[in-house]
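Next up, some structures in structure tokens.
The same chain A turns up in both complexes below, where it pairs with chain B and then with chain C.
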Partner chain A sequence: MKLYIKDYSTYKSDEEDIDIKKTLKQKYKLDTRRQDAFIHLGLYGAMLLKEKTVIDKDDELYVTSGIGNVDVVQKTNTRVYEQNQPLKLFDFINLLGNTTSYYIASALGISGKNIFQISDNFTFINTLISLYASINHSQKNAILCSIDLASTPNEVIKRVLGVDEDCSVVSGVNYQKFSLTKDDAIAEIEFDTLSYSFDEINNILKDNNTKVIFSKRCDNFFETYPSYIINDAIKNDEDIIFVDSFEDRYKILKLKSLK
Partner chain B sequence: MLKTDNINILKYEINSSQGDLKQTLKAIKNQDIKVSSKGISTDFGDATIPFYAFKDEIKQNQQSIKDALKDIVSKVISTLDTKQKKSTALIVGTSLIDWHLVDAINGCAYEYKKTNYTSKKYSIDSYAKELASEFGLNEFTMTINTACTSSANAMLEAKNLINCGVVDYAIVVGLEVFSPIMSSGFYAMELISQTDIKPFDTNRDGLILGEAIGAILLGKDNSKWSLEGGFSNCNSATITSVGADGKECVEVMQKALDDANITTDDITALKAHATGSNSNDLAEINAISKVFNPSITFTALKPFVGHTIGASGVLEIIIFISCIDDGFIPKTLSCHTPIVQDYMPINEHKKCNGGVFMCNYFGFGGNNISLIIKKENP
Partner chain C sequence: MKSYINNYEVLCDAGDTKGLMQAIYAKKSAVSIDVSYIKDRPSGLGKMHYDNIFNVLKDVTSKVLKASNLENFKDTLLILGSSVGGMQECEDIFYSQKNYKNINPNRYSMNTLTDYLCKEFDFYDSRAISTACTSSANALVLAKRLIDVEAYENILVVGADGLCASTVLGFHALGVLSDKPCLPFDKERNGMNVAEAVAIMLIQNTKTKDSMELKGVGASSDAYHMTNPDPEAGGAMSSMRDAINDAKLSLDDIDYVNAHGTATPANDRVEALAIEKLFANDVYVSSTKAITGHTLGAAGAIEAIISCEVIKNSIIPPQTGLQNQENTNINIPKESIEMSVKNIVSNSFAFGGNNTSIVVGACV
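Presenting the complex of A and B:
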């Protein structure tokens, strides 16, 4: 499967520590009320993308996350089960995954297809496969938003990410605009549904001359890290092979710069 | 738009408030519908709300939910061989709270519940991943959360994956289990009826939630039922509802017809979303009246099984096609004075053995979807 990348936006909290809510309000004049940090992070990435590229109202939107909006689950869990307090209305609304994708679609001016989904293994690649299958039918362009928020205490996130206790987790939001056509593309990405063992991967890569980056599920990690790696390679005008890993299985993303 | 092959509906099963598929069908035919109740916390103290609950409770924890899913999934894959299973994706549609997250939160956020650090990758999709592994299915799993349209969207995603050659088969699961948080949320939005669901009735006063699990096996093998097409979008003016004129719903229905390469004249009957809520029903009936002429046969299933949110996509399609296989389109309960005079849902079961049908799901968070299904007339 091959897709062309028309544009991208990227943010990773350990590289740039900014007040996202303040930036959304002051720079982008967005109404941030009734929303939470997870939604704000998604919106920030959307605004970075919108600054750089033309977005059509019929572009499809896929929003994915490693584990979703942990903060709001923790907040509602504490309020309802620990404090025996009734639920706050906007916490309930923000609890639903498609609330985040609704706000992102609204900010981008998209009124077409809009899916919020999570895949436990290979989150980014599986969403890429869904997106590819969808636009193969619709012949439209699609935007993929990959969002992970490191909340406090981040032990919650580390417990569900399956990483070591001393691993550092960070927040990241990364977007790409994908197309089936090469016109004006800045990169092409190839992927497939197969996963491999470590030995198989080594065999596949033995005669390869392209730079290979292996997934590291530690050190400034977030589950949709492959999305960041792709954007970073585009930024640096690099061709790369990214090997994503999950429970001793491996999948490959091949990125070729067209800039 | 590129027209691709339709996909067939091969096998299905449900667990609803009325029982399994056979029991649910019997309850609908006999109008012997069981509605129970649940207690929730509200701003005004504890309250009891009507609720369409499972006969045998599924507890709110990871293991109980997984066991219930396993039971349903095992039934729909019973005819697949090992090779076919390896090319079968599992896609879940739900708005369920992720109990993996809740357990992780409980294990470290509250001192009195603290447990030793353990790490294993979890997410709301873990149910699908674990079941795929246990049943020898394809590694591709996905959990879609678009509120009331979750499992309906999952069906369209599954269709695309099969048509694209990613997999040969897909199991689409709709899942919703009682949650005090979800029920309290709907209560806080003043959407819960204390009486009954009255779809498209001028006296409608809200919805009643329900729980259900349903699973559909999709593929290209021969079957009398097919998923012909559909369209999904997200374009409502506010996050909680579509506009009263229903223009967002009109667009979805018309584009679903286009996708299936048919017109309104081809539609035998329509299964409405019809929650019984004030704004949603008004928007939907206005949309139906703009797309179809008054002779359209349409009905609502929620008075039989409740609003099962993320499960409603799969659950209601299974119930609808099972009723038609049994020779009838089920009538709509409790609609006596229609919102739009010329557009009254059927108030008696109507004989029907096949045709082309539209199934609507117009949900919270701006997500709307219409699916087109077909059964050749015998």
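Presenting the complex of A and C:
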């Protein structure tokens, strides 16, 4: 499977610490009421992308996350079970995955297909496969938003991710605009559905000359980290092979810069 | 590449697939009146009889595997559609301990149910779709597209949501929760019934003697409003039209529309308008949510299974509870209609203008 990347946007909280809600309101003049930090993070990445590239209203939108919006789950349960208060309407609405997709679609002016996909394994690659299968039929372009919010309770997020207690988790939102056509593309990405054992991966890579980056599950980690790695390689004009891992299985992404 | 629906099973408030179809044709709603979730306010809810959602998932999945041509799921992709995933167990722990300290992280997030099934059945790969009430319908859309590009040969689509306070109180906060069994398309309807179900379908690229075909899929997002559909019904029409085109069928080929039909004022008004504009009076329409309630993320899969059964039984389901039809320009039968049924459109719509339609048909 092969796709072309037309543009991208990147934000990672350990590299740039900003007040996202304030930026959305002041710089981008967005109405941030009734939304939470997870939605704000998604919207911030969307606005960074919108500044750089043309978004078509028929573009498809995929939003993916490793653990979803943990904050809002904690908030609703605390309110109902600890404070014995009625559930707030917009906390309920923000619990649902497609709420984030709705706000992003509205901000980007997209009315095409709109999917929120989540998995705590191979999150980015699996969503890429879904996106590819869809636009291979529709022949449209697609925007992929990969989002993970690290906020309180960090301890719970680490347990959900299955990472060590001393591993630092960060927030990240990374977008790419994908197309089936090469025109004006800045990178080409190849991937497939196959997963491999460690020995198989070693065998595949033994005669390889391209830079290889292995997935890490420690130090400034978030589950959609591969999306950040892809964007970083594009920024640095690099060709890379990225190896993502989950338990004892591995999947490969090959990125070739076309800049 | 064609996508075949080869095996399926359900557990919902009306029982398994057989019990559900008997209830639909007998016009016997399985919705019960509950007073435990909201103080001093009865709610119509669709409750299953079970111990916990994880055991139901394992049991229904085992039944589908046993009836299939597979020995195991080692070469099968799992796509699970759920609106709130493991929220039910999460709430139970929080309720008893008032904090998150002892929450099992493997049963916490939105893809909890997927993780559980992967560990129990060793799937080749998995993913979860969470688009609220279109979740498992979108899982079916994805399954068809993945088979189209020959990415997988076997895909297990699961729709699952367990009843929990977050959804019951949430829909109550929205002012759309009915205090009685819901009345889709009726002038007197006063809202929906939150319900729970597990609905599982094995989609394959090979045909068996009992196959139904997942002929077409369509999805749109009108992004009109966070909770209300486009009043001109553009999004709903677009998803139905796209699904029918994808199936390479014409409007005349559709015998029945299994409507989303939640019985909320906004949904039924707009969906009826969409069907009227697209089909005029030429197709039978009913909503089986009058029997099951609204099973949220499971609704797309459960109604796809009902559609398969309607084709097999050659009986169009009647509209349970209908007395005063609001939009009389669509054809809603009050009694079962015996006829040859070849193609069915099944609709699922969700918050944020997320619209999904599928076409299920008899194999030719």
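Here is the rule we use: the second predicted complex is superposed on the first by the 259 of 259 C-alpha atoms of A that agree within 3 Å, B and C clash if a C-alpha of one lies under 4 Å from a C-alpha of the other, contacts with A are read in each partner's own complex, and residues count from 1 in each chain.
Following the convention adopted for this analysis, a residue touches a chain if its C-beta (ideal position, glycine included) is under 8 Å from a C-beta of that chain, and two chains touch if they have at least 3 such contacts.
Not measured: the values here are computed from a predicted model.
A.B. asks: Evaluate whether chain B and chain C can sit on chain A together after superposition, giving fit or clash.
C.D. replies: clash
A.B. asks: Check the residue A:V163 against both partner chains and state whether it touches chain B (first), chain C (second), both, or neither.
C.D. replies: The answer is first: A:V163 touches chain B but not chain C.
A.B. asks: Contacts for A:N77 in the overlay, against chain B (first) and chain C (second): which applies, first, second, both or neither?
C.D. replies: Both partners.
A.B. asks: Could you let me know whether more residues of chain A are touched by chain B or by chain C?
C.D. replies: Counting contacted residues of chain A, the larger count belongs to B.
A.B. asks: If you stack the two complexes on chain A, which partner ends up touching A:Q85: first (chain B), second (chain C), both, or neither?
C.D. replies: Once the two structures are laid over each other on A, A:Q85 reaches chain B alone.
A.B. asks: Considering only touches as defined above, state whether A:K235 meets chain B (first), chain C (second), both or neither.
C.D. replies: neither
A.B. asks: Looking at the overlay, what does A:Q139 touch: chain B (first), chain C (second), both, or neither?
C.D. replies: first
A.B. asks: Which partner does A:K216 contact after superposing on A: first (chain B), second (chain C), both, neither?
C.D. replies: So A:K216 meets neither chain B nor chain C here.
A.B. asks: So in the superposed three-chain picture, is A:K2 touching just chain B, just chain C, both, or none of them (first/second/both/neither)?
C.D. replies: In the superposition, A:K2 contacts neither chain B nor chain C.
A.B. asks: Using the superposition described at the top, list the residues of chain A that contact chain B and also contact chain C.
C.D. replies: Dual-contact residues (chain A): 61, 67-68, 70, 73-74, 76-77, 80, 82, 86-89, 92-93, 95-99, 101-102, 105, 110-122, 126-127, 129-130, 132-134, 136-137, 153, 156, 159-160, 162, 193, 195.
A.B. asks: If we count contacts the way the header does, which residues on chain A are in touch with chain C in the complex?
C.D. replies: 1, 61, 67-68, 70, 73-74, 76-77, 80-82, 86-89, 92-93, 95-99, 101-102, 105-106, 110-122, 126-127, 129-130, 132-134, 136-137, 153, 156, 159-160, 162, 193, 195
A.B. asks: Going by the contact rule at the top, pick out the chain B residues touching chain A in the complex.
C.D. replies: 1-2, 4, 41-43, 95, 97-98, 100-102, 104-110, 117-126, 128-129, 138-147, 153, 157, 160-161, 163-164, 166-167, 180-182, 184-185, 188-189, 232-235, 239-240, 364-367
A.B. asks: Under the definition above, what is the set of chain A residues touching chain B in their complex?
C.D. replies: On the chain A side, the touching residues are 61, 66-68, 70, 73-74, 76-78, 80, 82, 84-89, 92-93, 95-99, 101-103, 105, 110-123, 126-127, 129-130, 132-134, 136-139, 153, 155-156, 158-165, 193, 195, 246-247, 249.
A.B. asks: Help me check something: in the complex, which residues belonging to chain C touch chain A?
C.D. replies: 77, 83-84, 87, 90-91, 94-95, 98-100, 103, 105, 108-111, 114-115, 124-132, 134, 138, 141-142, 145-146, 148-149, 151-152, 165-167, 169-174, 219-223, 226-227, 246, 350-354
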